[in-house]
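Before anything else, here is the set of structures, which you'll find just below.
First chain A sits with chain B, and in the next complex the same chain sits with chain C.
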Partner chain A sequence: MEIQVERRAAVAVLAIAGSVDGATAPALVAAFREEVGGGWIRIVGDFARVDYTSSAGLRALLETVKETRQRGGDLRLAAVQPEVRRVLDLAGFTGILKLYDGVDAAVASFGA
Partner chain B sequence: MDSPGRSRVAVVIGSGSVKCAAALGLFKVLRSEGIPIDLVVGCSGGSLYAAMTAFGWDVDEAERKTRTLWTKELTRRRNTRALLRAVLPGIFGFDEQFGLVDDRRILARLEEAFGEARVEDAKVPLYLTATDFHTGEQTVFAKGRLVDAIRASIAIPYIFQPWKVDGRTYVDGFLSDPMPIGVAIKEGADVIITMGFESPYQTRVSSVLRFAFQLSSITSNNLLKANYAFHNLAHHHEILPVIPQFRHKIHLFDTARIPYVIEEGERAAEKQIPYLRQLVAARPA
Partner chain C sequence: MRVETTVAARVENLAEVRAFVERACAEAGADPRAASDLKLAVDEVCANIIEHGYPGRDDGAIGIACEDENGMLRVTVTDNGRSFSPEDIPKADTSSGWEERPVGGLGWHLIRRSVDDVDYRPDPVRGNRLTLVKRLPDQD
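Showing the complex of A and B:
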């Protein structure tokens, strides 16, 4: 899994590539924590290049969602691919996470 | 479950009628890649494939049996008396043994396929789920006559009458959990490979039965998601969903499409192999 961080105004955009699963979740959680620890509590996960997510991956996402929200921010996802979207939907995550078609829309949503 | 010195692997096949044949593709890939299976859980249509695999059938044999077991003839013979009971309960009497289809054919075919085999005799520990008609609770068959367990697990509401085993009445497993991952968690699995399908929604609600099916699909699909969400968060290790994508619509008795269904199951499974190898090699942290 690769993670690239880009900052746009008050929003940290993490572009993730690969699988979000038990093998990669620690690195993802660490990356999210670094952002939250640095005060970047408005985070967009760019999922355009995420091709799979498992239960461990979902738990990592949930941890970050809770941490950012506790601090008044949020984790929002952009460009989630159909296969991953199906798993998010099945696991009830689409009911608690905000999803956007693209990164621009997700970043803009924080300004609304 | 004994500790095998590596991650313990369970395969859970949920409901989904003929789509569940995709499980054969999944099992084929797991076998050819040497991924061990420590237990198998099946529900509704998935109980057939869970059983076939747990008893060591090869994929070709299971495919052949599916084509003869699961055909349109199963529902051709209506249970006229049940219909009369539903419409005129005062005259004909109505009770819980209600099903619009004469179930003698399905029972005969199950007996032909599985004979007097018992669940506890499976080569790989096998768990089949049904739902207690009176309490709504999930029941797990880990022993007993295999045909009884499968027949209870596939007692599709309105279609096949509930099935009695040892004095208790059972309906389809999907009514308590369409993808019973909880059974694998409870039985000590670390890595849970799961395949299940949402119930299809009706394109046209042109009869009372279709109306009932629609409501049933709404309920069971929401139940599937609620349970899946809980199991994902509750499990200590990994749950890997293997969800085939069908480019063609698969109907209830689309046996002609079984080779295609299996192929898609294979394709979906192959994507998980590298990660699965990694997971199976080590004990969970």
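Showing the complex of A and C:
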């Protein structure tokens, strides 16, 4: 798994590539925490190149949703692929996460 | 078709476990959706064994066997770590709002939801055996 961070005005876009599982999720958690710790509470997760997630990835997402929303921000996902979307559905995450077709729409949703 | 493998119980081997299941599914002619579901279930089972079965150890082993039979794929996962009681696992919360939703606790829920049958036989002497069954849709 690889993560690239790009700033767009007040929004941090994290482009994630690869599989999120018990081995790789700690790096994702760390990346999200670094953003929130640095005051970047409006985060877009670009999931276009994420081909898999297990519950380990879901933990990272929910923790970050809570941390950002409690500070008035949010974590929003863009371009979630069908295999990952299915896991979000099975876990009931599609009811709490905001999903967008692409990064531009997700960034724009913050009014940035 | 029957294939089996043994991996060291470490998180860095989860990708290898998924690749093994994916190859078995391809060999059995499983559709991509069934293969994805089974990969997820086996990953979650192995992640649980690594975290809870062999806590603090990296010398444990996990055996995985895949076989197809009468339009079903059966995956048997064996380990010699700590056993657990499925009935003691708290029910996952998949519906409350983000404020109340607890972080974690979804692994067993995903296993139950992604396969058709789960059978767990703990055995401290001969080893624990967890069997997952996934029905394969007709390929006609």
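Rule of thumb we're sticking to: the second predicted complex is superposed on the first by the 111 of 112 C-alpha atoms of A that agree within 3 Å, B and C clash if a C-alpha of one lies under 4 Å from a C-alpha of the other, contacts with A are read in each partner's own complex, and residues count from 1 in each chain.
Here is the rule we go by: a contact is a pair of C-beta atoms (placed from the backbone, for glycine too) under 8 Å apart; a residue touches a chain by one contact, two chains touch by 3 or more.
Please read these numbers as outputs of a predicted model, since none were measured by experiment.
Of the two partner chains, chain C is the only one touched by A:Glu63; chain B is not.
Contact with neither chain B nor chain C is seen for A:Gln4 once the two complexes are overlaid on the shared chain. Shared-chain residue A:Ser54: touches chain B and chain C both. Look at A:Arg86: by the touch rule set out above, it reaches both chain B and chain C.
Contacts of A:Asp21 after superposition: both chain B and chain C are touched. Contacts of chain A with chain B, set against its contacts with chain C after fitting on chain A, overlap at residues 19, 21-23, 52, 54-56, 58-59, 62, 83, 86-87, 90-92. Chain A contributes residues 19, 21-23, 52, 54-56, 58-59, 62-63, 65-66, 69, 83, 86-87, 90-92, 95-96 to its touches with chain C in the complex. For chain C in complex with chain A, the residues that touch the partner chain are 11-12, 14-15, 18, 33, 36-37, 39-40, 43-44, 47, 50-51, 92-95, 97-99, 101, 103-104, 106-107, 109-110, 113-114.
Put simply, chain B touches chain A in their complex at residues 224-226, 228-229, 231-233, 235, 237-241, 243, 245, 271-272, 275, 278-279. Interface residues of chain A facing chain B in the complex, by the touch rule stated above, are 19, 21-23, 52, 54-56, 58-59, 62, 83, 86-87, 89-93.
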